[in-house]
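The structures come next, written out as C-alpha cells.
Shared chain: chain A. Partners: chain B in the first complex, chain C in the second.
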Partner chain A sequence: MLVTSALISGLALGSMYGLLALGFYVTYAVSSTVNFAQGSSMMLGAVFAYTLAVTFGWPFVPAALAALALCALYGVIVERLAVRPFARRGSSAWLMATVALGIIADNAVLFTFGKEPRGFSLAWAHGSVRVAGINVSYLQMAIPAVGLALAAGLHLFSRKTRYGKAMLAVVQNADAARLMGINVPLAITLAYAASTLFAGAAGIMIAPLFNVHSDMGTLFGLKAFAVAILGGITSAWGVMLAGLIFGLTEALITALLGSTYTQLLSFALVIVALALMPNGLFGRAEVKKV
Partner chain B sequence: MRYLIAALAFALSATAVHAQTIKIGLVTALSGQSARAGEAITRGLSVAIDEINAKGGVLGRKLELARRDDEATPAKGVIAARELLFKEKVAVLFGGLDTPVSLAIVPIVNQEKIVFVGPWAAGTPITKNGAKENYVFRVSAVDEIVNRAMLQYAQKTFNAKNCGMILVNNPWGESNEKGLMAALSAKGIKPAGIEKFEANDVDVVPQLTRLKAAGADCLFLVGNVGPSAQVVKSLDRMGWMPPIVSHWGPAGGRFTELAGPSAPNVHFVQTYSFFGKQTPVGHKVLKALMAKYPDIKGPGDVTPAVGVANAYDAMMLTAMAIQNAGSTDGPKVREGFYKIARYEGLIKTYERPFTPDNHDAVNENDYVWTQFIDNQILPVGMKK
Partner chain C sequence: MKAALLAAAFVAAFLFTMQANSYYVFIMATLALTALVGIGLNVLLGLAGQVSFGHVGFYALGAYTVAILTTKAGWSFWAALPAAALIATLTGALLALPAVRVRGPYLAMVTIAFGFIVEHAAVEARGLTGGQNGIMGIPQPAAFGLAFGERGVALAAIVLAAVATAAYWLLDRSRVGRAMRAVRDSEVAAESIGLSPVRMKTAAFAISALCAGVAGALFAPLSGFVTPSTFAFSQSILFVLVVMIGGATFVAGPLVGAAIVVLLPEALAALAEYRLLFFGALLLVVLWLAPEGVVGTALRLFSRRRPARRAAAEEVAIAPPAPAALLVQGLGISFGGVRAAHDVALEARPGRVTSLIGPNGAGKTTVLNMLSGFYRPDAGRIRLGGRELQGAAAWRIARAGVARTYQTTQLFGSMSVAENISIASGPESLLAFVGYAGDMDARASDLAHVDKRLVEIGRALATRPAVLLLDEPAAGLSAEDKSTLAALLRKIADAGIAVVLVEHDMSVVMGISDQVVVLDAGLRIAAGTPAEVQRDPAVRKAYLGEAHERPAAERRAAAERLLEVGRLAAGYGAEPVLKNVDLDVKRGEVVAVLGANGAGKSTLMRAIAGLHRPVSGGIDFEGRELSSEPAHRVVRQGVALVPEGRQVFPELSVLDNLALGAYSRRAWRREEIEALLARFPRLRERLHQRAGLLSGGEQQMLALARGLMAKPRLLLLDEPSLGLAPQVVNDLFAALERLRADAATILLVDQMAGLALALADRAYVIDGGRIVASGPASDIAAGDALEKAYLAVA
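Now for the complex of A and B:
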C-alpha cells in the first residue's frame, strides 16, 4: 500500500515537473536561452484560471483555455522584454532579466490577486476510484495523462508540421534556417509562448490539489530546472521522463525512508546522476560541426 | 528665505510631536499566506492603543504604532526589526506569528536591551532563550504547554492510544516535535510515527500513508493555514479521516476554503473566542473593533480572534509595564513587566503574569478548543 500510493502521488507530481521542464526544453532547443522564472508562469496559469472561473464565474473549460492563451501571451512578453534585447547582443543578461520579470509577475499578482492563498475547488476533480486498495482521484489520473499528451503533441508538432520542421531547422542551424527564409525570431517567440503555455497548464492542473497564491510556483520552478538538467535539456521525451523519475523518487523516498530524507536524497541523487552522466540521463553531448 | 524658515519651523514642530509619542514597533507578516494573522495583531494593538490614548496615553505621552512586513521570512524580519529599533527608536517591539522570524529577532533585542513582546509565535525557545538578561515576553500560547494540552485533549476527547505527528519542516515544527515527545514520554507513550512535510508540499499522502500503516488512531498536526489545508486535502484523497488535534495554524486564514469539506475535523487550540458568553472586557473590545473596522459586524468577523485578543492584552500589559517603569528605557521597562500585579484582561484576569523565571503570561488553563464551521472559528461543539 505504501509503495502503490507513493507511485500514484509521484506520477502526478512528476508529470507536473516534466511539463514545467518541457518549457525549459522548447526554448533552449530553439534559442539556447530559457525563462528561469518558469515557476511564475505556472503560478500565472493558476491565477488566471482562478480569476476567470471563480471571480468572473466562467465555466471551467473556457476559463482554462483563456488562461492558457494569456499564459502564451505572457511568454511572448518574456521573450520580447527579457530575452531578445540581450540575446541579440550576445549578452547572457537574459538570465537575470527573466528572473527579474518573474519577480515582477509574482509581486504584481500579490498586489492584484491578494495576499491570501485561495482554494480552487473543482467538483469533478473530487471524485475518485479505488485502484489496488488505494483511492485515486480523477485529477491525479488526469494530470499524467494531460502531461504525456502535451509532450506527445509537442513531438508530433515538431516532426509532422511545417512550422514544427521550421523550428527544428532553427534548432540545427539558425543562420542556415534564416537563409532558407525561415522567420527565426518568430520561431523563438513561438517557443516562448509554448513554454509558458506548458507551465500554465501545469499550474491550472495543480491548483485544485494545492492552493492558489503568488509564490506557489517558486519551488516547482526550481525542481523543474533540476529535472530539465537531469533529463538532458536537449530531449523532449528525456525531460518528461526525468520529471516522472524525479517525482517518483521523491514520493518513494518519503514513503520508504520518511520525509526527513526527501529533499536531501532526491537532490543528492540528481548530483550523482549528473556526475555519472554529465549530459543528463537522456541528453547527448553537443557536437559543433564546423 | 521665508519658505526656508517655514520649512524649518515645520520640521522642528514635527520633531516635537514625534518626541512626545511613544513608538510601539510591530514586525509581522502583512503579506503572503499569513497576512490575515498580521492584520489581526495590528487590529488588537490598534484598539488597545486607541483606548490607552483616549485616557491620556502612558507617562503623559500618546502611543503610536509603527509596523513593518516580515513576509514570514527571518532575514526580512531582522532587517525590519533593526529599522524599527535604530531608525524609528521604538520603545517596545512586538513580533508576529512566525516562530522562525521571532527566533531571529530575539538575539538582537537582548543585545540592544529593548523589550520584545510576542502576541502570537508559540515556539518555546522564544521566551526560554537562555539569555542572562531576557528581554522577551509573551502573551500567547507556548508550544510545550500546547503540546501537553494536545495530548490531553486527544486522550480525553477521542480516547486516542497511538497518535502520529505530522509537522511542518521548520523550527516551529521542530519545537513541537520536542514538546510532543516530552508530553508523550511523561506518560510513558511512544508516537505511532513522526512525519515532516514542506510548507509548499502539494501532496502529503506518502507521509500520511506511513502513519496510517503504523496504526495511528489520531494525528497531531502542526503547520500554518496553507500547509494544514494540504494535510486535510491529502487525507480526503486517501479516504482516511482520523481525529486531528492541531496547534493553532489553521486559524490564520481561509481554512475552510482551502481545506474543503473536511475542515471541521481539525480541532485546534485558541486562547480566546469572541463567541459565547463574554466578560465586560470582551464586550468593550468587540464594540471598539466594530466601531473602528467597518468589516467587523459581529464576533465571526474577528478572525483570527487569537491574534486580536493576544495583541490587545499584550499591549495593555506593556502599557502598564512602561507606566511602572516611569520611563521608556529598555531595562526599566523590563523591570516594569515584573511589577505588574493584577490586570483584568480579555483572555483572563492576570495575577502577577510575569516573574524573572516566567516570561509567559498565558498557560494551559487559558486555552479553548475550536473548529472551523463554515468560515468561523467556533468552540468545539458550539452550533452557530
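Now for the complex of A and C:
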C-alpha cells in the first residue's frame, strides 16, 4: 500500500526530474553548456501560470500556454546574456553567469510575487480514481502523462521534422551542420528556449502538489541536474530514464526510511556515481587529444 | 607597498574592533570570517582553477565540531579548534577524491552535493547535532581565566584572516603555488614537466577546506548557536561571489570581496533586503566587464609599466645529467577498432635528431602521445636507458627524462615567461639560449607565436631531459624563424640530448635530421638518412601517390570565371597560415590545389566555405563577395564544401544525411535522391542505415552525395582520399571523373597529387601559405615544384 502510493508519486516526480534533465540535455547537446539555474526556470513557469490563472483569472489552458511562451522567452534571455558572451570567448564563466541570473530571477520574483508561498489548486486536478486499492488523483496521472508526452514530442520533433533533424545535425557535428546551411547560433538559442520551456512545464505541473514561491525550484533544479549527469547528459533517453529511476528511488527511500533521509542518500549517490563513472551512467568517454 | 597597505588595513580593523560597539564588533567578525573562507577558496578557485559551490559544508563542519565538542564533550575551545581544522582538512582531501576526476558542471555538481549532504546530515543526526533546532549555548572561548567575549572572537578572526592572507601570499610565490597555477593553465603541460595535477588539486581542496573549517569553528562561539539553516546552499554561492567580485588569484581579492558582500548591505540599510538581487546583478556585471574582479581591474588600471627585463646571455648547461637513448619496439594502439599505430620501432640516440614524418593521419602525434604517456599503448616497449616507460603516467615519464612540446603551444598562459621556466626548475638564461629576446616578465599568453614556441622549448629544456620530443615546432613560423629554429634544434642535439622531431616542413626535417622514420597509416614504411628517405619509392608513393595516366576525356575550354580569390590571408592567432593567395576557378573546370601537410590547403577551403572567419582579401563568387559571409550563408550562394574527414552525421540515416544536404534549398524532390543513388549505387543498399556504420569509402561517397544535394555551382573537396584504401580511392576518383564529365565545377585539395593531377584541368601548388606554382595540370605533373614542396628535394 505504502509502496504502491510511493511508486505512483515517484513516477510523477521522476517524470518531472526527467523533464528538467531533458532541458539540460537539449542545451548541452548543441552547445556543451547548460543553464545551471534551471530551477529558476521551473519556478518562473509556476509563477507565470499562477499569476495569469489566479491573479488575472484566465482559464487554465491559455494561462499555461502563455506561461510556457514566457518561459521560452526567458530561455532566450539566459542564452543571450549569460551563456553566449562567455561561450564565444571560450570561457567557462557561463556556469557562474547562469547561477547569477538564477539568483536575479529568484529574487525578482521574491519582491514582486511575494514571500508567502501560495497554493495553486486546480479544480480538475482534484478528482481521483481508485487504482490497485488506492486513490490516485487526476493530477498524479496527468503529471507523468505530460512529462512523457513532452519527451515523446521532443523525440518526434527531432526524428520527423526538418528542423528537428537540423538540430540533431548540430549535435553530431556543428561544423558540418554549418556547411549544410544550418544557422548554428540560432539553433543554440532555440535549444535554450526549449530547455526553459520544459522546465516551465514541470513547474506548472508540480505547482498544485507543492506551493508556488520564489525558492521552489532551487533544490528540484539541482537534483534534476544530478539526474542529467547520471543519465549521461549526452543521451536523451538516458536522462529521461534516469529521471524516472531517481524519482522512484527517492519516493521509495521516503516511504521506507522517512523523508529525512531522502536528500542525504540521493546526494551521496550522486557523488559516488560520479566518482565511479566520471562520464555518467549512460555517457561515453572522450579521447583526450593533445 | 601593497603589503604595507594590506598590513595597515588589518591593523586598522584590529584597532577599530578593540573599541567598537557590539554591533560593529559582530560586523567585523563576520567580515573577517567571510574573508578567511574567501582566502581559502581563492587557493582553490584562483590558483588551482577549480570551482566549488559547496564550501559552506566545510564551514558547517568546523562550526558543528566546535559546538559539539564544547557543549557535549566539555572540551575547551582551544582544543576543539584544531580538531575542527583537522576534520575539515581531511574531509576536503576526501572530497578531492571524486572531485579531481571530474570538471566543469560535473565538478560543480559534486561540490553542491557535498554541501547538501553536510546540511542534511546536520538535520538528521539529531542526537549529535540537535536536528533542526541546532545546538544552543556554545561557550565563548576563555584564556588566562578571562572570557573572550564577542570582541575577543572578532579580534582572533581578524588575526587569523591576516595570517591566512600572509600564508596565501607565501603560497602564491612558492613552488607549490606556482605548480597549482600551472595545473590550472594547462594540465597537459603541467604533467609534461613532472607535476601531478591530482596532487595539486587535492592540496588546493584541503587548504581551502582548512580555511573554511577554521572560520566555521570561530563562527560557533561568535553566534553562540548553530542551526542547519545557517549553512544553506546560497551561503556557498556567496562565498564564491566573495572571490569572484574581489578578484580571483589576487591576494587582496577575497578581502575586498568580503568587504563588499558583508559591508554593502549594512551600509545601505534599504538595500539589505535586496542584497541577493544586487549580488546576482553584480556578479553578472563583473563576469561581463571585469573577469579579474575589483582588485584585478584596479591593478590593471593603476599599474605602471615596468621596464622590460631581458634574459642574460650566460653559458647554460643543458646537457642531460644522464644521457640515454630512447628505444621503441613494436609500439601499437587502436581507437575504437581503428589501428592508429602498429608495430612502430624507433631509436633516438643522444646527440642525434631523429625525425618522424608521414602524410596526414599517419599516426605521428599518436606515437608522440604514447612516448610521453598521454596515451597508454596497447602493445610494445618504450625504454629509456634501462627503464621501461610504456604505460606510465605522463608526469612520471617527464620525471624520467622525457620532455615534450605541443602542436598548439601549451604554455602556462597566466604566468610570466620567467615563471614558465622557473616552474620547471630551469635558469632564466635558458631563454637567451633558445633565442627569446623579449621581456621576461611578459604574460606568456600575450607572446607572439614564435616566442611561444621558443619559450615552450626552453621550458622543456628546463627539466634537464635526456629526450626532447617536439610536435610540429615549425608550424606557423616564417621562413627566417624556421631556420633559426632548425639551428636551435641542432644545437640542442649537439649538447647530448636525443631530439625526436615530428614536423611537416621538409626543409627543416631534411636539413637537421640524422635519421628519418617515415610512417604511413600507422605503419613504419621506411627509415634512414634524409637522402635515403627522399629517394625511397615507398615514401614518394605515400606522399605523392602514384602518377596516373590522364583519362582521354576531352578538356573543355572554359572562359567565365566562377570563383576569384584575391590576396586572401587567414590564420590562427599571430602568424597567418595563408598569405596573399590568388586563385581562380572557371565554370566547368576542375582545379586542384596541391601541397604538403600544413601548407594551408585546408585553411583555404575553410576560408572559401565560410568556416574560417575572419579572413582578409576577397572571395568573389559570381560577382558576390563571400569573405565576410558565415558558412551557413555561403552554401546558400551555391558553394558546397565536402569537408576533410568526411564528417557525415553518424547517428542519422544515409537518407537523412542526404536530405540535410538540401537544407539550404528548403525543399528537395525524391527524384534528386534517386539520381544520386544511381550515381553512388552502394548508398542505395544502405539508405536506411546509420551513416556511422558505413565504411570509410562509403562515408566519403555519402559526403560527396550530400554536398551535391545542395545543387552547388561550385563543389569544394577537401582531402577526399584521406585514409582510404587504394582501391576505394580509385572508385572515388572514378566517381569524380564522371562528375567532371557532367560539367561540374570542382576545386579539389588532395595529398594524392598523382590522382588529383589526372583529374584536374589546372593546378596550383601551395607552400608555406603561398601559391608557388600554377598552370595546366600536365605542366605541374611534369615540373619539379611538387617534389620540392612535398619532400624538400633540392
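Heads up, the rule we're going with is that the second predicted complex is superposed on the first by the 275 of 290 C-alpha atoms of A that agree within 3 Å, B and C clash if a C-alpha of one lies under 4 Å from a C-alpha of the other, contacts with A are read in each partner's own complex, and residues count from 1 in each chain.
Definition applied: a residue touches a chain if its C-beta (ideal position, glycine included) is under 8 Å from a C-beta of that chain, and two chains touch if they have at least 3 such contacts.
All figures in this text were calculated on a predicted structure; none of them were measured in a lab.
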item	value
Dominant contact partner of chain A by residue count, chain C or chain B	C
Which of chain B and chain C A:263 touches, first, second, both or neither	both
First (chain B), second (chain C), both or neither touched by A:162	second
Touched partner set for A:174, first chain B, second chain C, both or neither	neither
Which superposed partner A:236 touches (first chain B, second chain C, both, neither)	neither
Partner chain(s) touched by A:44 [first = chain B, second = chain C, both, neither]	neither
Partner chain in contact with A:104 - chain B first, chain C second, else both or neither	second
Chain B versus chain C as contact partner of A:140, first or second or both or neither	first
First, second, both or neither for A:218, with chain B first and chain C second	both
Which superposed partner A:81 touches (first chain B, second chain C, both, neither)	second
Chain A residues contacted in one complex by chain B, in the other by chain C	110, 218-219, 260, 263
In the complex with chain A, residue positions of chain B that touch it	30-33, 35-36, 169, 195-198, 200, 202-203, 205-207, 209-210, 213, 225-226, 229-230, 233, 237-239, 253-254, 257-260
Residues of chain C that touch chain A when the two form their complex	51, 53, 97-98, 101-102, 104-106, 108-110, 112-114, 116-117, 120-121, 123-124, 188, 233, 237, 240, 244, 273-274, 276-277, 279-281, 283-284, 287-288, 291, 335, 369, 374, 406-407, 410, 609-611, 630-633, 635-636, 640-641, 643, 647-652, 656, 659-661, 663-664, 706, 710
Sites on chain A touched by chain C in the complex	34, 36, 81-82, 85-86, 91-93, 95-97, 99-104, 106-108, 110-111, 162, 165-166, 168-169, 172-173, 175-184, 218-219, 222, 225-226, 229, 260-261, 263-264, 267-268, 270-272, 274-275, 278, 287-288, 290
Complex contacts: residues of chain A adjacent to chain B	1-2, 5-6, 8-9, 12-13, 16, 110, 115-119, 121, 126, 128, 134-135, 137, 140, 206, 209-211, 213-216, 218-219, 251, 254-255, 258-260, 263
